[in-house]
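We just call them A, B and C in the order they show up, numbering each chain from 1.
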Amino acid sequence: MMKHLRLNRHLTERLGFVGLTLMALVTVAPIVAVVIYILAQGVPAISWEFLTGLPRDGMRAGGILPAIVGTFYLTIGTAIFSVPLGIAAAIYLSEYAPENSLTRLIRIAIINLAGIPSVVYGLFGMGLFVLFLKFGTSILAASLTLSIMTLPVIISTAEEALRAVPQSFRTVSISLGGTRWQGIQRIVLPQALPGILTGVILGLERAAGETAPILFTGAAFFLPRLPNSPFDATMALPYHLFVISTQVPEMPPQIQYGTALVLMAFVLGMNLIATTIRSRARARRQW
Amino acid sequence: MEKTLNWREFVITRLVRASGYSAIVFVALIFFFLLREGLPTFAEVPLSTLFSLRWYPIEDYFGILPLITGSIMVTLGATLVAVPFGIGTAIYISEIAPRWMREILKPMVELLGGLPSVVLGFLGILILSPFLRTFLDLPTGLTAFTGSLLLGGIAVPTVVSIAEDALDSVPRSYREGAWALGATRWQTIWRVTLPAASSGVLTAVMLGVGRTIGETMTVMMVTGNAPVLAITPGSLFSPVRTMTATIAAEMGEVANGSVHYHTLFFIGMVLFIISLIVNVAASSVVFRSKKRAERVLS
Amino acid sequence: MTDKIVIEALSLTYSDGVESLRNISMGVRENAVTVLFGPAGGGKSTLLRCLNRLNDLTEIRASAGRILIDGENILDPKTDVIALRRKVGMVFARPVVLPMSIRQNLTYGLELAGEKRKSRLDEAVERSLKLAAIWDEIKDRLDDPAIALSGGQQQRVCLARVLALQPEIILLDEPTSGLDPISTGKVEAALLELKKEYTVILVPHSVQQAARAADFAAFFLQGELVEYGEGKSIFTMPKEKRTEDYVTGRFG
């Protein structure tokens, strides 16, 4: 009787573990499949002309340079606004903020910023930057919109990195006659830098891949030249992929897959850089 | 010397604090602009029209019910995909997988989180929907079901990472206690670890759902965008149109300040409020359980 | 001999309601080692942290009394705490070397104060390392990361780091609690040298260490100063029953 029960228990456990393993595999397998498939289909499309040329024949031929450059500009523009602001906010939360209801409100606000649908950011960016501040549909307006969307990612990862720096470093710095800021500037920030950098890149990675927030704030359907000021609209890789896969009839699949590959490489490349920085810093850490 | 130091310290402290407060300012600004452009809808569109079954803006039909049901249908479907697979994967990673497997799986899941949703939408159009159309013998492959599958995939990384965090933070001593009492690892997972992590897992589910409601590009590309009321189980396999897709698809073509424009902002306002509720609820679960843990520990 | 520090009716309650110091009054002699000892939670560390205002970092509900250093009340809100902390250095229980080279650890405090001249910095490095009795051991690897040193060496580097600022008072909070007996001996030997020039206040990690090091000793029990006097007399013929019980090992 006992023995029977035990056997049964172990059988359940065995079956359960197999089931969970299968679930994990079913979750991960499509990711691998997607990446490999896009690689396989997209690589033949990649050529010098594709990467450096302007689109021709209603985007059915030629290259995607304006979209590549546009995404690059948007990412840089997003970084300019969101990185300093996000890091400063993280410093406030980790180093200065008292435990009170105002701080709790800030935290709730950050959680909410992280949860607002991307298309709502698009509406907001259009209302504030495009129309109210009259920036027009432009790189500037789109970058600002993406910055606010990226902010919560940067703040929360940077705060985590700052908090991971041992409290004792701050105490020692103060006991040696340092001000709070001197300790942050000379010890805490340098030590947290790899973690902060990882968060920044992950945040910007999201911004680079987003379409909805730039739909009405800065993305151009078709613009066969490079933007030459922050007040120009621009093509962008994710929007371009959307356009050529839904809006243009008789699109050669090669160009679609090529564009998808370039976008994926751009985004996953950033992801790879971020994870490399993180694992290296962990191995090298002095505490 | 001392003077300049103090002055610098003063300025920096103020700047840093202002940056911290900016998060509140941004949420307020977003809400303000949505209200400013969305509230006029109430004056321009009669409530009976707004809550009717027909969305056909060209002829002044602004019924948002089909859009709401479309969003709910797709979200429900995605939740049914993301929750079991997300939590299952999280349990596998945190409780069962050998170390090397964990090192492979975690970055993979993160990778999925980083894939742009247009790429998934693109593959949905080219591969998934033709496959589903022939496999399920449907008139079109662009359905709520297709959207649910892809959206589930988008929500999975969120669910996995938060649920895994929660499982990971269950003290090892809990598990050891259960093993010492003769429980198998399987029993320990279900009777000890998972219940102990329940608030974190709940947060994972809620944030995953939040992520799904707000997803835009993928749904717009693969759900067929037909604004019909979706309340029967059968409508899971027919085209629907979500709130997010409606905004994304139509905002580019409306005149600023028109009724249609205001209605789209009104929909944005509804989305904002939904995400506000979901996130405040999710974070209050976290806060409350943290407080409980603090009480237990002190 | 004069009192360098005069503590007058000092009381302190932490914000979680714990009363840490109750009406403490004592004078601390210049150029001597004053030991604050007693069981854990007696208020010794809290008192130390008052002396360089490190308690400013902790949430405090209420405090009363005065601490006079060279006749000035340092608890006065107008006190320049930065200058105070340079004058009153502190070594912590666990050696905390900053994540940088040994040399940078030593010059850190001076650089915060704005000292940029390399000659001055080098001079301070050598002088303070010699004072902390570690110069000979590490003079050839000053640019190595400080974390690579042994625990005992790290703690002496921490002491040297304080000395580099040329303080007048040195506070040591169980500085040898994590060290082996040999390293402990080296740190204690350094202390004996130091008291010639500095006012040293030590929270020891054992009664034995207290007895070895003390010129003066103060016994703290649950926030109260039970007995205070010359080291020799307290450890051989304490006046208070409670002191005697503790010193002879009946509790604690």
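Keep this in mind: a residue touches a chain if its C-beta (ideal position, glycine included) is under 8 Å from a C-beta of that chain, and two chains touch if they have at least 3 such contacts.
Model, not experiment: these values are computed from the prediction.
When chain centres are taken as C-alpha averages, the shortest distance to the whole-protein C-alpha average belongs to A. Among the remaining chains, C is positioned farthest from chain A, on the basis of C-alpha centroids. In whole angstrom, the spacing between the mean C-alpha positions of chain A and chain B is 16. Look at where the CA atoms of chain B average out and do the same for chain C: the two points lie 54 Å apart.
Remark: chain A and chain C have CA centroids separated by 48 Å (rounded to whole angstrom). Each of the following residues of chain B touches two or more other chains: 5. Residue positions of chain C touching 2 or more other chains: 82. Contact with two or more other chains is made by residues 179 of chain A. Touching chain A in their complex are the following residues of chain B: 5-6, 8-9, 12-13, 15-17, 19-24, 26-27, 29-30, 33-34, 36-37, 84-86, 88-89, 91-93, 96-97, 105, 107-112, 114-123, 125-127, 153, 156, 160, 184-187, 207, 210-211, 213-217, 221, 244, 247-248, 251-252, 256, 264-265, 268, 271-272, 275-276, 278-280, 282-283, 287. Residues 52, 54, 57, 82-83, 85-86, 89-90, 92, 94, 96, 98-99, 108-109, 112-113, 145, 147, 158, 161-162, 165 of chain C are the ones that touch chain A when the two sit in their complex. Residues 9-10, 12-13, 16-17, 19-21, 23-24, 26-28, 30-32, 34-35, 37-38, 85, 88-89, 91-93, 95-97, 104-124, 126-128, 131-132, 148, 151-152, 155, 179-181, 202, 205-206, 208-212, 215-216, 238-239, 241-242, 245-246, 253, 256, 260, 263-264, 267-268, 270-271, 275 of chain A touch chain B in their complex. Across the complex, chain A meets chain C through its residues 166, 168-169, 171-179, 182, 186-187, 191, 286-287.
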